[in-house]
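Accompanying notes for the structure given below.
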Amino acid sequence: MYTHIVQYYETDKMGIVHHSNYIRFMEEARVDFFKSIGFDYREFEKMGIVSPVVGLNNIRFRKPSTYGDEIQIEVRVKSFNAWVLTLDYAMRLGEDLIFDGQSSHCFLSSEGKMIAVTEAKFPEFHKKLKELIVE
Amino acid sequence: MYTHIVQYYETDKMGIVHHSNYIRFMEEARVDFFKSIGFDYREFEKMGIVSPVVGLNNIRFRKPSTYGDEIQIEVRVKSFNAWVLTLDYAMRLGEDLIFDGQSSHCFLSSEGKMIAVTEAKFPEFHKKLKELIVE
Amino acid sequence: MYTHIVQYYETDKMGIVHHSNYIRFMEEARVDFFKSIGFDYREFEKMGIVSPVVGLNNIRFRKPSTYGDEIQIEVRVKSFNAWVLTLDYAMRLGEDLIFDGQSSHCFLSSEGKMIAVTEAKFPEFHKKLKELIVE
Amino acid sequence: MYTHIVQYYETDKMGIVHHSNYIRFMEEARVDFFKSIGFDYREFEKMGIVSPVVGLNNIRFRKPSTYGDEIQIEVRVKSFNAWVLTLDYAMRLGEDLIFDGQSSHCFLSSEGKMIAVTEAKFPEFHKKLKELIVE
């Protein structure tokens, strides 16, 4: 579980967190999630692999959050097929679900070519992600 | 058609626009769209009406953009039923579609209550949005 | 001492943290500093007091930082005279000083009027800040 | 003269533009200034030259601006000595000066080495900047 503490500069004139910032909180939580399962995103980059966001789906801004709030973010693997990884996010303030949604990612080499994260080529990472798929 | 010129501070270490910024470009284009059909968002706010984003759907980051690029953004009304407005966005660099997706919005009073944008209460705005629905 | 862990979205196409973000890190560290001396910025806001930044001085970007770096930020009181508070910041990566500079702040009521943070009106806060002045 | 139209996402919960964003507006205006005197920043980058901000001085946030405001930004050359360029900025809403300050820049090669922008090596750019020094 990742915690983001809302900064003043993340609020807007409605007095609440600007919606675009949740997309950034997703990234923070994602990086933390990878780290928690043993994969440091910086290590990927050193190997010449980047994993850009290719899509966002079912993003729901359910309740507002504001300055000083501690947002708890849960990340789960929704699907993974070597070419595309889809993660699911739930953000909460206490018991209240304030945000949920999914991000999809591909894997690119330093030349910008699509990489298949197969069991043969990336055994540990592949296995770990397969194990973690929910439902 | 709205044009966003990519700023240096909108890029990230991949050398391209950070994906979260497209959500901000959607907002810029939306404000411009409302203005183009005769509704200044600041006027809404003066009347005590805000229109927060409640959802994002089918967001696709198709191709990268980078510093200095001129992104053309087209906004269209996908659906509107007095409670929820859904807008559709297409962003292009020249002929290339680089981004598409939808945002959904509700309408809130200054006390945070849901407002129905009915024909009776908001005749001009209601009529205009109904007319503009595509398909 | 406050720690900011650099996020991916804070980098730019030079591969390093965009300079504007250090101004945001100053804010994060300042809020944490106030909290550490017993003053929660949200409490000020509830009392109708805000403390905007009125100036930045001697800002030096000495060395770059990048994604994943843990920046240690030290905040000290440089001067305070009831109307204006000046804070001094030093940011470090390990032993390396990467950033230093000052911010100046006034105090405003909810009507936007200047407030003097005198010993008579704000005894604890006044005393604490006076005590903490360095040199 | 460069114009920045304030976006909703640039405001904070005080209802005004967050101070860190003015540092970004400085960058926008600087890029535009270079372009106006015949130097496209992207061309520098293609030649392997970057010009990072090394300092900010005498930054004064004099009056607030908010959503929808059209900020006029004037950029002038304050000093230039082949190693360091200092620019001066004045931002106005109508007649009102709302912001002023300076940024200093060095020049780096793609290997991160300091470059001297001498008359011998960069005759046009050097001459232009020398001519434009105010006072």
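Letters A, B, C and D mark the chains as written, and numbering starts fresh at 1 in each.
Following the convention adopted for this analysis, a contact is a pair of C-beta atoms (placed from the backbone, for glycine too) under 8 Å apart; a residue touches a chain by one contact, two chains touch by 3 or more.
Treat the numbers as computed from the prediction; the structure is a model and nothing was measured.
K.L.:
Specify the chain most distant from subunit B by Cα centroid.
P.N.:
It is C whose centre lies farthest from that of subunit B.
K.L.:
Weigh A-B against A-D on C-beta contact pairs and write down the one with more.
P.N.:
The comparison resolves to A-B.
K.L.:
Would you mind pulling out the distance in Å between where the CA atoms of subunit A average out and where those of subunit C do?
P.N.:
30
K.L.:
Quick check: how many Å separate the C-alpha centres of subunit A and subunit D?
P.N.:
34
K.L.:
CA centre of subunit A versus CA centre of subunit B: separation in Å?
P.N.:
Centre-to-centre distance between subunit A and subunit B: 24 Å.
K.L.:
Provide the list of subunit C residues touching at least two other chains, using ranges where the numbers run on.
P.N.:
8-9, 14, 20, 24, 27, 67
K.L.:
Could you pull out which subunit A residues touch subunit D in their complex?
P.N.:
8-9, 11-16, 18, 20, 66-67
K.L.:
Considering the complex alone, what residue numbers of subunit A touch subunit C?
P.N.:
Those residues of subunit A that touch subunit C are 7-9, 24, 27-28, 31, 40-42, 45, 67-68.
K.L.:
So in the complex, the part of subunit B that touches subunit A is made up of which residues?
P.N.:
14, 19-21, 23-24, 27, 50, 52-61, 101
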